[in-house]
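Here chain A shows up in two complexes: once beside chain B, once beside chain C.
Then we have the complex of A and B:
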């Protein structure tokens, strides 16, 4: 089986979808779950899985050990959504592997022994799924995953039992939000047994109008059905609603929308100090402006990439700065440079 | 006596002082105070004073009757500080006269029968005083002002009895404010028997870091001493403190200051909708940036003039708009045009 890492992606949904992800939770048969494993068992589990993964060079994984790597590196992987916040918490002996092109990552000893995450970009949920599933099948020949005929795959948390699959979409929904439609959206998601969360996972805030939507049920669902439902029925409906909301704003509140968008671009091009949260919110408005056709000259991809590059971990890695104040200066400099704003004060005076 | 309307003004204090004003309160002997006068008496007082003023064409007054003039006109005069908010309230029969160059105004039947206001710009308190006093002396030959040997000039409110003089300065104090020095400033003013108020008079907020400072005592003070004290001792001290505060910000928090100033200019150049309050606050930051040498290419006078032109009355007179939403568009268009921002969306698309 060939993993479709390099497959070209359709970017028709790029105005709404930022990331598609498919996650599989697996545990090693005969070993205690992570939260019950002692030090020795944790290490044995970790090394066993890592060894199987290392035997699959076609996965192209880089390794990240949270105990020995610099903390900025973990932050970068977190900001790329390749690892979870929980993975960085102090805890058992862990290890992560990831492809530099962000099409695949694995976390060992997070909540489960193994979490496999496949990724696609805009609307690439099938691709994300193919990447995760492909990796799981390759591993299945070397590892013995805990499986029960009645329940399916066994997981540390009962909510993941069964398929152990979680498909999620990171959506940019400023239109629905600005016309006040997020409550309705939330109810619709509840009715469909989908979970809506903020940018950084459970309980987090929706910064920059970014929302993560994922399936809640894993038991008794058919993987292909779930994929089809999320990618075709649900996503196409949300994309339609978001685009309609933007059109409504454009036709009925054009000045309001244009004002927000022009202000956002002006702030990004001229601010000398930018906090992470503010930068993400402004870039979100910028993204909306580009997608709505109010701004030309800035590609949608640039705005999307900047939404990662302005994050503290990425910025620390790029600049070496770790202090908040210099990071705010560096963030403003980066954004100004990328968006064609005026030069920093030290050059202009 | 020749009124010094045309006198050239020193603009050395333009970075801190916006308006200097000298006000004299006078009442007609033998007539009841305004708040006790009936309709007939109010009209008699008004017409008597107006007749005396009309006999002095050298004053160059235009007339404003709040009962018959369009309301936008009153708003414009208020925004030019030529009349008071109280003057526009429903009340007795009133009349105002003003010079188009804003060096002199008179209000009939405001709180007192007559209030004469002379104006200078930056640091022109002597000029303001000369204008007001000159007008009063000319009128003194035609009107009989209520005067008591013990108390001095009699006024409707006891706080104005004596000289009936109030000298006031409109100061731009963003530096002192940003380094957290306004409380100290307020205490110093209290100790010196000076009153600090917001932009639009008593009890009003200090929008755009603008503060009105005036004498509290009018009884038993010598006019020339008061003038000297305010103009030389007090003002020079405040100007020194404000400039020192700006220098401190420049040397210790340059990025912070530069960020505020660049953001303000960017907002002014790119916003499509601007409320009055926001525009004034942004122009205040712009003014600070120009005075501190962080922005070149925009003259201090332009920022100062815009602080009047963005106000709703001025904008209504200039555009014919009276509704809030179109005014916000017009305000943003005006500012963008004057500050060299990008063109309005209707032209750019």
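Then we have the complex of A and C:
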């Protein structure tokens, strides 16, 4: 099988879509689910799956063992969305594998024995699915997954039973949000049986106008049909609406929008201390300004990448700082450097 | 996912049933239907034994999968039904545990706890559908699909469980007859041992 990791990324939707992800939940037949497995069973399950994965060097996985690796490393993987917050909670014996290019990750003994996550960037839901499926089909030859005819793949929580698939999109929706359209969006998502939530998953707040959307239904719907529905019926409409909202803001409230964007840029270029939340909110405005054509000279990708690089885990890894105050200084320095702001005080004197 | 599903669990099932006699958790449930009138009793194992509900003791001490239980219940006739709260024979998980954690204990729980869980799966999966849709999509490459007659039998038994759970006893009796006829119909086709 040819794995699609290197496939070209379509960036036509980059102004709205930040991350596309396809997650598959699988469990080993004849073993208790993670929540019911004792230590010995957890280790047996973990090692069995890890051994199958290690036998597939074409997947190009690096390993992360939360019991032995430094916690900052886990934080970085979390901020890259390669592992979940739950994976880092103390609990069963776990192991994660990930590709450095972030096209694929696997979590062993999270809620299910195995969670395979494929990723694409903008509009790359098909690619995300292809990555996850490629890995799953390779493993299928080596592992015996719990499955039955009626219910499909059996998962610890019945909300995942069937295909075990969760297709999700991280969307940047400042336009819809600023014209007050988020409630309507939420209702539309509900009607379509889609889950809509903040950036960090369940119940979390939408920081920087970032929203995560995923399917609820997993039983009785073919993966490809679901993919088609999300990509063509849902996503194309949301993208159209978001762009229309941005146009509306541009044509009717240009000064309002321009003011927000320029203020954000000024803050980012001159601030000496930046908190994580504040930086994300300002970068979100900046991203909107670039996408709406109000700002030139800063590429959209730079804003997107900064939204990840200003996260605490990434900053700690890059700078070695762990304390809050020095991190705020480092964050402000990084942003000023990347956005061509004035030099830090130490250099200017 | 989990949050709404948990809410659903909370709304659908409040406190777990308690023994009518001593207040401990009840795991023996007697439903009597006489001349169209239904009465229920919920007891713990000890009180059930004291009350002389011994004829069906096997259900209390060794809860089996619901299909088997329902078969035995139906075989006992329509007058008295004694059912134990289902428990997974493989991992021992109960519906009460599932309610608390929103997680099942092992793959076999799906069959063992199917009856109480089915309405919840239905609601979390597809609001409008009345029956669970059949899985569509990827399957393990080595998985052999059951034959058509086996599929039909599985479907009938599933409907039977649903009818009993919904207390549609006439429909359950019809389905039981259908299953009998079906079994008689296909058994001769099996090669002799």
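Please note the rule applied: the second predicted complex is superposed on the first by the 349 of 349 C-alpha atoms of A that agree within 3 Å, B and C clash if a C-alpha of one lies under 4 Å from a C-alpha of the other, contacts with A are read in each partner's own complex, and residues count from 1 in each chain.
Keep this in mind: a contact is a pair of C-beta atoms (placed from the backbone, for glycine too) under 8 Å apart; a residue touches a chain by one contact, two chains touch by 3 or more.
The structure presented is a predicted model; accordingly, all values stated were derived computationally and were not measured.
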**Request:** Check whether A:256 is in contact with chain B, with chain C, with both or with neither, and answer first, second, both or neither.
**Result:** first
**Prompt:** Which partner does A:161 contact after superposing on A: first (chain B), second (chain C), both, neither?
**Reply:** second
**Fill in**
Counting residues of chain A touched by each of chain B and chain C, the higher count belongs to C
**Asked** Touching A:148, do we find chain B (first), chain C (second), both, or neither?
**Response** second
**Request:** In the overlay, answer first, second, both or neither for which of chain B and chain C A:27 touches.
**Result:** second
**Prompt:** Of the two partner chains, chain B (first) and chain C (second), which one does A:266 touch, if any: first, second, both, or neither?
**Reply:** first
**Prompt:** In their complex, what parts of chain A are in touch with chain C?
**Reply:** 27, 29-33, 35-36, 111, 133, 136-137, 140-141, 144-154, 156-163, 165-166, 193, 195, 202-203, 216-225
**Item:** Residues of chain B defined as touching chain A within the complex
**Value:** 254-256, 258-259, 262-263, 265-267, 269-273, 294, 325, 329, 332, 342, 345
**Complete:** Note: in the complex, chain C contacts chain A through residues 1-3, 5, 90-91, 93, 101-107, 110, 117, 120-121, 124-127, 129, 132-143, 145-146, 151, 154, 158
